[in-house]
Each structure stands twice: as structure tokens, then as C-alpha cells.
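In what comes next, chain A is part of two complexes: it sits with chain B in the first one and with chain C in the second one.
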Partner chain A sequence: MSRDTGRTLPTLDGARAVFALSFERLFWSRRSLLMGVLLCLPVVFGVLYRVVLVAKLPTRLSGFDLYGTVVALYYIRNVVPLAALFYGTALVTDEVEERTITYLFTRPIRRSSVLLGKFAAYLATTLCLVLPATVVTYFLLTTAAGLSGATAHGLDLVRDLGALAMGLVAYGAFFALAGVTLRRPMIPGLLFLFVWELVANLPGYLPRLTITAWLRSLVTHHPAEEGLAQIFAQTQPAGLSLVVLSLLAGAFLALAVRIFSEREYVLDQ
Partner chain B sequence: MPIYEQAYRRWEARGPLRAVRFWPITREALSLVLAKRAFIGLLVLVWIPFVVRLIQVYIVTRFPEAGRVLPVDGRLFGDFLNQQTGLTLLLSIFGGAGLIANDLRTGAILVYLSRPLTRRDYVLGKLSVLMALNYSATLLPALLLYAVSLGLAPELFLKWELAWIAPMIVLHATILSLVVSLVALAISALSRSARVAGLAFAGVIVGLEIVRGVLEGILDRPEARVLSLQNDLRIIGNLLFGVAETGGAVPAIYPIAVLVLTAAGCLAILRARVRAVEIVR
Partner chain C sequence: MSRNGVLASVSVGLVVLGIGVALSGLAAPAATLTSRLPAVTQAFPADATFVGGFDVKRLAASAFYQKQVAARNLARPDAFRHLEEETGLNPERDVDRVFVAGLRGGTSVAVVLGAFDVYKLRAAAALKAGAKAEKVGDLDFYSFAGKNAAQPQGIAFVDQGTLLTGDAAGVRAMLEAHGQHKATLRTNVLLGGLLDRARTDATFWLVGDGTLLSNLPTGGSSGGLGSNFSMPNLKSLSVSGDLEPLVTISATGDAADAAGAKNLADTARGLTSLLALQAGAKPELKELATAFTITQKASQVVIDFRVSPETLAALAPKPAVPTATPRAQ
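After this line comes the complex of A and B, so read on.
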């Protein structure tokens, strides 16, 4: 018996169909190539470390310390939020810009399926880029003196991968919300990342108003820093951070779905 | 009545209508940017540091002992312009991301270049838009700050030995605006989407800064600083205004070479991408 094509698909089935369509378009795109270069730079550094730097660096810095610096300063602080901004704000804006959103809306799928499917595609794409790069960097940096270096910190690697995934979920949900709410989300997004998130370096309760403060608390690496961050650096309990980030991500995504479901999109002529 | 031979006749283009052919492109693009209300908000944000510096100068003129904590001399302008670099990036993303990308997407570039305009006119017209925007965040507030400082504290600034400040402001603001504008324009020429171009521009600038931060932290060598364009501009500013570098000085030739190579690379990208023909594969 064939399916009634006029009937709206259940949310999850629709989301799966949108995911299949979006993932291929997103993963094999020039922008993913650009983001891939940025996300895989630590691998290049790892190779450079093994070939040239390992003999020249001061002995106080172990390979694991370098890996910790890369995860805490490069990925968690900067590149993961930037990747989320890059993809998250584009989930809907791309379709509006290319005027293809009409075709999605005319299919028998719910609007919530469209956003959820696209969010899942973003998550799959970024996870496919970030996680392998982190694992390769880990092995390149920690196995210079043998495999024992890698096995000694295996649990830290797992924890870091979880933190990176959580960062992509939380920031991605936030920027998806920005993408469906604002007409031009890029400048507000950049201001959020590079102005508001600096509040995480202040004393007191203020850091709890940022995403990065909770995310930093998920990893055990805390490399030496300069300025306010060095004086006021504080961490929250990891369990609490995980709960807060999950709640934030859920709330942002639910709000984004609600706004997207109700909003009228008038395309420029 | 003359009778022409009905064969191929070479097209004789009309000569250029005016000497400054890029100006209509600049004028129209600027009017589009200035019509956006969000831009006015951004401009207000960009001028906040100017107000803060003005208050600093005022406080020092009223309470000279405050000068020990908040020094007011030539270095003030170097610090101010270095601070404005981040804001010029925002202005460039706002005003410059779509300058060429939108023309590539809509095919307007073919229309432009089918007029009596050369490729150089087109690039110059678009570059002037970004230069004007960036000057509004660098040259204009810095010169105004200098003029107000001269008025408020002539005993501090009205000296022959400080006459270099104004030319240095013009030089630093021009270097800063030119480099940022060229990079933004080149990245805009590499994409057909203004949003992707804007994010790519932010990604390149921020990415290089992150790499610089991580490498400097790990290697503990000042040479790592030249990897970041923002830092190169800051080093040049420090050199021009005599601001001391913290954590070891970098030979001046390094950042200059990086900036010159970057500008040359951007011009090469613009040369390759701005064409009156489109090859469709």
C-alpha cells in the first residue's frame, strides 16, 4: 500500500528526510572545506611537533600539556563556537537567501522537522570534522615518547570529545535561535562570541551568564593565561555544567523551533 | 546618402564619461550601507572608545596627577588606533562582505564591466567604500581626538616635538584601513554569498589570531606574533607611536613583509576573480 503523500509526516520521520538531504549538501561543500582547514590545523601542528619541534621545545612542556592547550584554548574557547556560528546561523538563512525555503515549506513535513533535521545535519557535519581531528592530534602529541603516553590519558581524551560535542550542541542551538530570529545574525553572533563571552573572565556570578564558562568546566585542562582570566579563572562542577549546558541547548532549540514554526518568511524580490 | 557595407564593423566604444570613473560605484554602495539602521548602531559602537579617550584626556587636564595612571601623550593615539582594529573588522564585515560576492551572485559584475569601466575602476570603487567605512572608525575619530586634545590640553600637545602625531595618525590609519579593506574585498571576491564571505573573513582574522595565541603560548617566541594580521597591524602602530612591546620585540621587517605579502595576495585574488566573463563548468 503506498503512503498518502498529502498527509504530513511525523516529526521524526520528516526530520530524518531533511537530515539526509541536508547532510550531503553541508558536508560536501566549499564552506565545510574552509571550516575543515580551520578545525584540522591542530593536526598540522601535531605533525610539525613530531617532525621538528619535539627536540626543540622546553622539557617542562609535555606532549599532553600541548594537547591540553590545543583543546582548551583552540577548540573550546574559539574554534568550536566559531564553527557553530558558521553553520548554526546558516541553517535557515541559507534557504531564505537562496529562496529555496518555499520548496521545503510546500512538502508534507512539519516546520519543526525541517529545523531539527537541519540541526542534526549541522551536528553530524561538525562532529565528523572535529572529533577525528582531536583524536589524531591527541595521538600525534602524546605518543612522541611511546604509546604509554596515549594510554595514560585515555579517559581525558574521552572527556574532551564529550565536551567538544556538548559545545557544538549548545552553541549550535544558540546560533540556530539567532539564525531564525535575526535577519542578519552574523555581527550580533560575533559580538556575542568576542565581547559577551569575555564576561567568563570576570569575578563573581557573572561568568555563569556565559556558555563558555560552563563549557570550560567540562575539561580538565586549564593552561596558563594572561590578564583577567589568570586572576579570576573559576570552574564549576562538571556535573552541574553538563546539566546547565543540556538545559540551555534544549531551551534554545525549543525556542528556535517555535519561532521557525510560526514565522512568516517574505522573500526579497 | 552614404551607403555602408553590411559587413563586420568594429565596435568603437564611447570614451569614458568622467575622469574619476570609480566614484559612482563608491557613491551608490555607500548610500546603500548608510541607509541601514543597523549600520548607525554599529557606528555608535565604533565611536564609544573615542568618547572614553576624550574623558581620559579631560580627566588628565583637570587632575594632572591622574596622568601617572592614565598617561596622555603620543602613545594615547597609537593605543587608540590599535584598539579600533577589532571594530574595523566588524565594519568591514558589515559593509564589505557582500560588495563583490553579491555582484558575483546576481551577475551584476558583467553589467558593470560592460560599461565604460575597467576592472581597476571596479576594484577601486569597491575598495573606496571599505576605505571610507574604515576611515570613519580610525582616521576620523583619531584626528578629532587629536584636535580636541590640542584644544583641551595645549600645554601637553602643542609642542614641536609632538608635531609628528597627526602625520603618524594618517599613516597608521591608512595602513590599517587599507590592509583590512583589501583582505575583506578579496574574501568577498572568493564567494557568491555575502554571509559566507563575512564568516570566512571573521574566520581568517580570528583563526590567525588563535593560532598566534596558541603558538606563542607553546613556543614562547615573539616571532609567532607575525602570524596574526591584527597583531602585525598592532606592532606597526606601536612602532609608529613609540609604544613599548610587551614580551620581547619583533624585528619591524617581519610584520611589514607579512602585510605587504598579504596586500599583494589580495590584489592577485581580485585580479583573478573580477572578470567580465564567467566560465561555467
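After this line comes the complex of A and C, so read on.
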């Protein structure tokens, strides 16, 4: 019996096919090389710490304190949102700019499968870069005085890995929505990250309108800061933060799928 | 498998391995006494007030220890001196690890692990004043008069690399318990629980009940901490520390309630403030004062001390310079 090639694949089967194709293209791209360097910088710092800095840093700063600073300030506040911005906004815009989206649309797969498959490929790529780098950094920074330094904070590591994964999901969904909605999503995306997200440092209810405030509440590291951020820093309950971020990610992704399914893309000639 | 499959597998493997190793500490408590401490230490008396340990090899090999002992700024630990006097052992040379248990009445027993000449030690023990040799179980036990006539000392050889020493009655009790494979220390619920959580892989560590602090001298008019100072009332105390790369000491005290813990934390903060106040006259005290981190969680107070060996070396008293005696004309 021959396969009916004209029949549209079920959503999940289609998404799986798009994922296999996109993961290959996404991981071995110049963008991934750049993001890989950025995401793995803490590993270099960890090596530097073990080789040079461990005896020279202020005596009150332990390896675990440094690891906490890396997670809270470097990953959660900067690099994870940036990685989501660069990958998430490009899921569709790259195909539009390279005029290859037509080939996807002519295949017997649903549009929702295309976006979901690409989103899964983005997640797989970023998780493969961020999580191992975090684990290696953790061990480099906490085992200067023996393995007990690492085993003493094992639950924190698990929690951090979960928070980073949640950050990639939530920001990724948001920027996927931006990517399917806006023609040039990069500048608005940067403005969102480095202007709107600063609202998280203000007092009152406003921080709850940011993604970062909920994400910061998932980790236990709260490095000392100066200025307003130190005075007004708020932490929401971790359980509530997890629920809010999951709902946000689901809503953003559902909206992105809907818009992508209905939108007409006119390619430049 | 495609290159992406390989890469994803390596990433997942690395993360799972890392999480597994990091969480292995959670599984450790159940096996703590049997896996982390030598079996013979389980025969420590059930009424021990504290249990502690030294990783002598690591301690003696640390640059900090060598520098301080060489400069005679820091005396060798009392336990080392006592061990050498009682047994003829040179701890830095012959001993790997020492475990000590404090007994009611201020005496103690110790388990010494290392590489030493048992025949020489037996001969030395037999020659001590009032020495008496006997068998306890199938092990040789020597008792002899200590410095204090009312507290005879004892030494027993468990095997080629393990000996018990200290209070004669305590050593005998340990030998009997060890011969019957009794884990007497486990019956001490408080110390057993503290040991499960203790960092027994640290260079030095100690866990004890509330009597540990109350037995310390608070000093009166003659010195110490002052006549108005009263030692905090603690239910238990755990201390662990390392000398490299930084000198780190972590002490956790369990008070009777949150108010007691707050009182203890305030006292500790007050003492560090006093150090900071004196920093004007002695700048190195400033770094010492900032080396303390004091946190209170409910009825528990954790005091972390973290300082570079150089700072401690700067604070140590300088060796006295011999004064030149005038030559007779």
C-alpha cells in the first residue's frame, strides 16, 4: 500500500519532522556558535577561578557565592533572555528573510506543526548549551576545597537547572510570538529586555508585569546589589512563580501558533 | 546515531551525572557512620559529650600549619602533644587520622589511624609507671598511671594501623563494645544525628552536645571573656574547618529556641563589631572582622569564618627577638 503523500500529517508527527530538520540546522549554525561562546563563558571563568583566582578573591566570597552570582546575574538576567531573543525571534523571520518559508507551507504539514517543531528545536539547542555549561561551572566553582562543596548544595543546582529551563521556555515563547507578529522583532525585543524588564526593580505591583521578576523568584541566589534594586527587591513564592511562568509560556505559544497559522506571509521580491 | 543525537546524549549524560553527584550528599546520611568513619569509632561510649576528628596528614601538609609551626607562632595542637607524651607517636609523621570522643568527667578516648611500629609502642607502654598488661577480648590492653593519678590511661592495639588510647576505663569499654560488634555511639541519638550531618571529610570537625560550651572557661577578673560574659545555652554544636586554600571554619549551634538563637547571633555580631572597632589600631583586624558571616534560622545559628592564611599569619604573635646580653668588660 503506498503512502498518501498529499494527506496532511497529524500535528505531532509534523512537529517531529520539523524538529528533526530544524535541530540540525539550528545547532550547527553561526548563531549557535556565538550563543555557545556566550553561554559557556562561565565555564572559562570557573577554570580561571580554580587556576588563579581562588586564593586571591575576597575571603568572604566562596565558590558557591560566585556560582550563585553567575546563575542569578549572568544567566537568569542576561544570557538566557538574550539566547531566547536571538533564537525565538528567528524561528519564523529567518525562513521569511531567506524566502524558504514557502517550501514549508507547501509540505503536507500543518502550520502549527511548523512552529511547534521549530520551538522544540530551539529548546533542545539552548538546553544542550545552557544546562551542561551550568553543571560544569557549578562543579568548577564549588569543589575547590573538595567534593563536599558540591554535594552540600545539590538541591540548589537542580533548582537552578529547572529555573534556567523555565526561563528558556517562557522567554522563548514570548519571543516566538514577537517573531510571528513583528516584521523586525529584534529591536523591540532588546527594548523589552533592557528597558521594560527593569520594572522588576521597582516597588509595588509593577514587577509582576515582567517575566524576569517571576523567574528570579525561582532561584535562591540573590546577590547583593546597589541602588533601587537592593531596596525594592521582591521575591514571589516559588510555586506561584512556576505556575505564572507556565501559564505565560502556554499563552504566548498558543497565541503565536494561532497568529502563525492565520497570517499571510508576503515575500519580498 | 546522527551528530545531533550524539551531542544531545552527551549533554543529557553530563547533566544527569552532575545532578547525581551533587545529590549524592542527600543519600549519604543513612550510611554516614558506617561509610565515612572507621568501624571502630562506632564503639565510642554512648555517653560521649562530643566526637571530633583530625585529618592529620592534610593538616600537617597544609602550608599554613607548616609555616606557623616552623615559625613557632602556633603551638602544636594539644591533642598532638598529648598523644606524643602518652604513646611516643609523632602525629605529623606516623598518624593519618585521629578521632576523639569526650567523656563525662572531662576525660577522652581516641582512635588513631596510621602507620606505626606496634612492637615499639607495646614496649613503650609496658615500661610506663604502673603499667599493667591484659587481654580484653583477644586484644592487648595496657593501662598505666597518667599525669593525674586518679585518671589512669590506657592503650590498646586493634590492628597494625589502629590503636585506641585515652582514659583507661573508656578504652576498656570501647574494646569490649568493639569485640561484641556493638555500635554504642549510635545509641546516642543527639550525637548520631549530628554526625549524620557533619562534614567528616573536613580537615577537622567536631560535634557535641550542650556541655561542650558550658565546660569552656568564661574567665573572671583574671582574663578570658570577662566576668559578665555567660556562655550561650546550646543544645548542640557542630564545627568543621579546612586550612586550604582558605582557612574556613563553619560552626552551627542549636539553641533551645529562636530567642536563644537570636541572643547568640547578637552576641557573635557584637564580638565581631568589637573586632572592627579595634581595626583602627590594628588594620589586619578589619579583614578578620569581615571574615565572619553570622546567620540565624529559627533556633539555629551558623557562624562561617573565612580568611586567607596570610591574614591569620599577620595576626599571630611575632616570635620574641632574643635580646643581646651585654658582654662583660
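Quick note on the criterion: the second predicted complex is superposed on the first by the 268 of 269 C-alpha atoms of A that agree within 3 Å, B and C clash if a C-alpha of one lies under 4 Å from a C-alpha of the other, contacts with A are read in each partner's own complex, and residues count from 1 in each chain.
The rule is short, and it goes like this: a contact is a pair of C-beta atoms (placed from the backbone, for glycine too) under 8 Å apart; a residue touches a chain by one contact, two chains touch by 3 or more.
Keep in mind that what you see is a predicted model, and the values were worked out from it rather than measured.
Annotation: superposed three-chain arrangement on chain A; chain B versus chain C shows no clash, the two fitting side by side. Judged by the touch definition given at the top, the superposed model places A:132 against chain C, while chain B stays out of reach. When the two structures are aligned on the shared chain, A:181 is found in touch with neither chain B nor chain C. Look at A:27: by the touch rule set out above, it reaches chain C but stays clear of chain B. Chain B and chain C, viewed from the C-alpha centre of chain A in the overlaid structures, lie at an angle of 110 degrees when rounded to the nearest 10. In the superposed pair of complexes, A:153 makes contact with chain C only, with no contact to chain B.
Of the two partner chains, chain B is the only one touched by A:97; chain C is not. In the composite built from the two structures, the nearest CA pair linking chain B and chain C is 15 Å apart. Within chain A, not a single residue is touched by chain B in the first complex and by chain C in the second. Per the touch definition, chain A reaches chain B in the complex via residues 31, 34-35, 38, 41, 45, 53, 57-58, 61, 66, 69-70, 73-74, 77-79, 82, 85-86, 89-90, 93-94, 97, 184, 186-187, 190-191, 194, 223-224.
Against chain A, the residues of chain B that register as touching in their complex are 38, 42, 86, 90, 93-94, 97, 193, 195-196, 198-200, 202-203, 206-207, 210-211, 213-215, 217-220.
Listing the residues of chain A that touch chain C in their complex gives 23-24, 27-28, 54-55, 59-60, 62, 124, 127-129, 131-132, 135-136, 138-139, 144-148, 150-155, 157-158, 161. On chain C, the positions that touch chain A within their shared complex are 2-4, 7-8, 10-11, 14-15, 18-19, 21-26, 28, 199, 201-202, 242, 244-246, 248, 287, 290-291, 293, 306-308, 311.
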